[in-house]
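What follows are several structures.
The following pair of complexes shares a single chain, chain A, combined with chain B in the former and chain C in the latter.
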Partner chain A sequence: MKISIERGALLKAVSQAQSVVERRNTIPILANVLIEAEGDTVHFRATDLDIEVQDRAPAVVERAGATTVAATTLHEIVRKLPDGALVTLSADSAAGRLAVEAGRSSFSLATLPREDFPVMATSEYQSNFSAPAPMLRRLFDKSKFAISTEETRYYLNGVYMHVADADGGKVLRCVATDGHRLARIDADLPDGASDMPGVIVPRKTVGELRKLLDDDDMKIAVSVSETKIRFATPDITLTSKVIDGTFPDYSRVIPQNNTRRLEVDAGEFAQAVDRVATVSSERSRAVKLQLDEDRLILSVNAPDSGAAEEELAVAYGDERLEIGFNAKYLLEIASQVDRENAVFLFNSAGDPTLMREGNDQSAVYVVMPMRV
Partner chain B sequence: MDCDAFYASVEKRDNPDLADKPVIIGGGRRGVVSTACYIARIRGVRSAMPMFKALKLCPDAVIVKPRMDVYSEVSRQIRQMMQDLTPAIQPLSLDEAFLDLSGTQRLHGAAPARMMAHLVRRMKTELGVTGSIGLSHNKFLAKIASDLDKPHGFAVIGKEETEAFLEHKPVNLIWGVGASAATSLEAAGIRTFCDLRRWDKQALAERFGSMGDRLFDLARGRDSRRVSQDEPIKSISNETTFNEDTSDPDILDGHIWRMAEKVSARCKARGLAGRVVTLKLKQSDHRLITRRVSLRDATQIADTIYRNARNLMGGEQRKGPFRLLGVGLSDLCADSMADLTGDLLDPDARRRAQAERAADEIRQKFGKDAIIKGRALR
Partner chain C sequence: MSDDLPLPSDQLAGAPHPRETHRIYGHHDAEQELLGGFNSGRLHHAWMITGPKGIGKATLAWRFARFLLATPEPETDGLFGAPPPPETLDIPDDHPVARNMLSGATPGLKQVIRTPNDRGVLRKQIAVEDVRALVPFFGLSAAHGGRRIVIVDAADDMTTQAANALLKTLEEPPARAVLMLITHQPTRLLPTIKSRCRTLRLSTLGPQDMARALDQAGVAVPAQAAGHLAELSGGSVGAAMQLLSQDGLTIYADLLALLGGLPRLDRGRAAALSRKAAGREAADRAGLILDMLDILLARLARTGASATPPPEAADGESAVLQRLSPDARAARHWADKAAEVSARARRALAANLDPAAVVLDTVLSIEKTAAA
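Coming up: the complex of A and B.
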């Protein structure tokens, strides 16, 4: 195999690959990226056995062929090459080496045979549809903070993407929760998605997917089966196993009868929370909210480190209420609000609290209070 | 001060018929010897020995189930007597404590040796138990001295004679040097304190890591640890050896619950909570398995400890049968920092915790068997 490729195109393809490979793995080939050259295209493929990413870039192929090489090393080399350089990759399969040459730099990297590279089994997808990148971005960006890292409840280690019934008909919905907070984000159901099986998209896949969804308005081809999900742009295909488990019935977790309503500027609220939380203890991070007629007092009282208090003018017309939260959780949900005021709906100091943006029901957050 | 065969002495005191019989305190056929009286010890019975082995050595032994409440009460009485001598007391267990008598001579008008002799006499006449005294200039040596003249003994290691005393003693006298440490010391040619003293500080640190520094000082009879009553508790755990090895999930589950409940009760009594739950299992061939899980929120609730330990059990079940099961809680903090945030996905947890607190109150009023979970009967 011998190809010439522009440094920018190579860097983009290789960086996607190197983020998929596991840093610490016991199977050497999994640290490698598979490079396949044919026609006027070169394909890059990397996998951790759960996720596979395939990337293609235009190249001048002098000699077709394939090899595998350490993804992180190749990425580091390409990253350090000057912008606009033309990079030549030539494999010497007899010597088991890949020569990387650009300008006056040349490198020789150890390779492993392509036959050893594990290729994810192809599967039938029950549902294929196309979704605009901004929509997927919103669904996952607004829910991923609530993904759990708890190993025992592995079925919470991802975002549950499924078709759900909302007030205005069927929607494409993403839900994530770790038992302390929950995010439920809805989007218009794309054509052809109505028979999509509900799947739990693993945390790592969500992170990789985000790199596909550049800031433009591209259409992403989504394919879903009971066991796998695939996201594809014209150049990149991300295939992932989904978490084999049952996502809990989240609907009973979302409070329906919380009547005490607080409306507050999300930005001001977040800044105030952040300020008072400075003195909170590392361990609890507890912030107390005291609500009274159009007034909110945020306070922290940490016997070991100190105390802080801040008052905010808010819209609140219900009974007095004192309730505590983990400052981190409040900051996270407040930062999801970008257009209107944050609306909090409380019940009692021991019950879950609901937060949404204005009256927008398409993004709803639930957070568990903390004893203070 | 180290009591002599404490549990056994208490039993003999309360039941004079046992006075001249070999008495072993311990639980069940499969248990281990907790304490053996001196008559049984003459026959070779030792603490921590499996009960069947002890009975082989001493078939006529009277086995008594431990009555911890009684021992705690006697221990408390002894502690009170110690408090008359000094406030600086560091209990190691119910029957053993360090006392720092520095600077008490003027107060009592008598030397520490006399005061300690007075203490053991009071213990004998007022409580009917005997103890041995080891008197020295630091904790390390006092502990060694307390074993020199047992039972009902009194040994002193003075500053002047320290080096000569240690010289040909084996290094396994050092507290914390067990079989495996002794092997690695022996591999380095260190058997006695005299051998140890030939090593310089750096060589010891290189060879034995963090233990090296301590070995260097102890080799010279130096120990600067203070007698302190509040050594922070690092973990709380309970374990049980079964009468018969079992892999029955229901039986194991019952044990997990009872151990979780004991750990929880001790936490509640001390105002502590913990963030790491550990499950310990011993297989029939004595192989040890430990599994742990970190919780987001520290807890002292038996129900939460139990559920997490049960989850840990799930993965290990097939490795049975087991002979021992233990549950522990570590990464401790004050209980004011515990169970702060509920679980959205387990809304009943709060009610279960409230029920547990209510049951605790009932037990406090009407005794510990007033109300128990059905699960505890398995």
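Coming up: the complex of A and C.
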């Protein structure tokens, strides 16, 4: 294999691929990126056995072929090369080396045979559709904070993406929960997605996917089967296993009859919560909300460290209510609100509370209260 | 690159890793049993492979894993009916699954072996964390055609907590999962584990199979040592390789020479022997010396009981055996000693006493017996 490629294109392709490579890795081949050159393109492929990323970049291919080389080392080399340099990669399979040359620098890297590289088996996808990047970005960005990190309930370690019935017909819905809070985000159902099987997208995949979604004009091709999910842009293909489990029936825990309505500016609310939570004990991080006619008092009373109180002018017309929450959970859901006021719907101090943005039903958050 | 790393706990010193061994000798019946299970379409999900150390239990487990991952599920509803069922577990060396297995990167397969603790020291047992690592493995969808395989090597090493953690998976295995438990001493496993597994009993190898297996591993057996080796290894390829790589035959000859001098023990020789077990890197050697001593004592007992010495395992062995153990009374004496010495020495090693001191102490205690 021998190819010449522009440094910028190489860096972009390699950095995307190397990010899935696990840092603490005991299997040599999994630390490597597979380089395949053919026609006028070169493909870079990396995997951790659960996720596979494949990048393509234009290159001048003098000799087609394939090899694998340590992903982080190659990435570091390319990153340190001057911008605009032309990089030549040539593999010597007999010696097991890959020569990297650019200007006056030359490197020789150890390779492993391409046959040892585990390529994820292609499966048949039941559903293929195309979704705009901003839509997927919203679905995953607004839900991923609620993903559980607890490994025993592994089926909560991801975002449940599925087709659901909403008031206005079928929607593409993402749900994540850790048992204390829940996020339910809806988006218009893309054409061809109606027969998509519901899948739980693992947390690492959500993180890797985010890097594909920065370009607002990009259309992402999504393919889903019971066991795999694939997201593809023209240059990058991300294939991942999905979580093999049943997502709990979340609709049961979304309160329907919460009547006490609080409307507050999300930014001011978040800042106030953040301020008073400073004195809360490290473990509980509990904040008390006292609601009265158009008045909200946030307070923390930690016997060890001290007390704090802050008053906010809000819109609230119901009877008095005292309710406690974990400050971190409140901050996280408040930070999802970016356009309108945050609307909280309470029932009692012991029942789950619902939060949404204005009257927007397409993004709903539920948070469990704390006894304070 | 792997020269500096300690051997993984599922590899015997001087032997290739079981995944690197493609052929297996002498276990035709066991293979047919596994194959029969596969062809019947109702493969049991948990297998307990039992037998002495080093006879190919792990090799068989890896071989079956390779077969399962590389063989697609037979289609029974095809136009031409089902293809003929496979007749062997052989998978070509250049099959992608075989290649991936060699490089250690096999999606769809997970090993449970002893792992290093936080300080990088290999644990003596399989800890509960090692078993819990199966939760994320089974938590994600399967890679290769839906099969997921776990090899526990060796199940005897599991702590009680680890065994209990495995129980859940054994009771309710995910679809199309196969667990293979390798065990040298099945009686020591929890009855709850045993009752959920189908037992596959492997027997020791005959001389021909042994020679072929050693040949495959690329181990050259010096012609004059072949007979001695066959006697000492007791039909276990692993034991034979360990004897060869750690100079076990010489150790045995040394021990014999030492005991040959009884009832007066040559203190200089005893000290020289114990020095072989001194130092950190010789920890394995101490185990080997004690193993050899066990064998020697057992052979002494056997000689006395049957009044004829077994085929020689070292030059001039028969004469020594007959002199020290002339009758059944002496045989009983040696048998008692063997049990006592073995238990005492293992306890001492487990308590991290100096191996050299343990060896010396053991040899000296034998002198007392001989004197009695």
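Assume the second predicted complex is superposed on the first by the 372 of 372 C-alpha atoms of A that agree within 3 Å, B and C clash if a C-alpha of one lies under 4 Å from a C-alpha of the other, contacts with A are read in each partner's own complex, and residues count from 1 in each chain.
Criterion: a residue touches a chain if its C-beta (ideal position, glycine included) is under 8 Å from a C-beta of that chain, and two chains touch if they have at least 3 such contacts.
These numbers come from a predicted model, not from an experiment.
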Mind checking the superposed model to see whether chain B and chain C fit together on chain A or clash?
clash
Check the residue A:Pro369 against both partner chains and state whether it touches chain B (first), chain C (second), both, or neither.
first
Now for A:Val242: first (chain B), second (chain C), both, or neither, which partner does it touch?
second
On the A-aligned overlay, A:Ile29 touches which partner chain: chain B = first, chain C = second, or both, or neither?
second
Once the structures are superposed on A, label A:Thr152 by its partner contacts, choosing first (chain B), second (chain C), both or neither.
both
After lining up the shared chain so the two structures overlap, which partner does A:Asp294 touch, if you call chain B first and chain C second: first, second, both or neither?
neither
With the two complexes overlaid, spot the stretch of chain B among 225-233, 315-323 or 351-359 whose C-alpha atoms clash with chain C.
315-323
Which residues would you name on chain A as touching chain B in one complex and chain C in the other?
151-152
Please give the residue numbers of chain A that touch chain B in the complex, ascending.
150-153, 156, 177, 179-182, 248, 252-253, 283-284, 286, 324, 326, 350, 352, 366, 368-371
Residues of chain B that touch chain A when the two form their complex
293, 296, 308, 311, 333, 337, 339-347, 350
Given the complex, residues on chain A that touch chain C span 26-30, 49-50, 112, 115-121, 151-152, 154-155, 157, 202, 226-228, 241-245
Considering the complex alone, what residue numbers of chain C touch chain A?
1, 94, 96, 99-100, 102-107, 132, 135-136, 138-146, 174
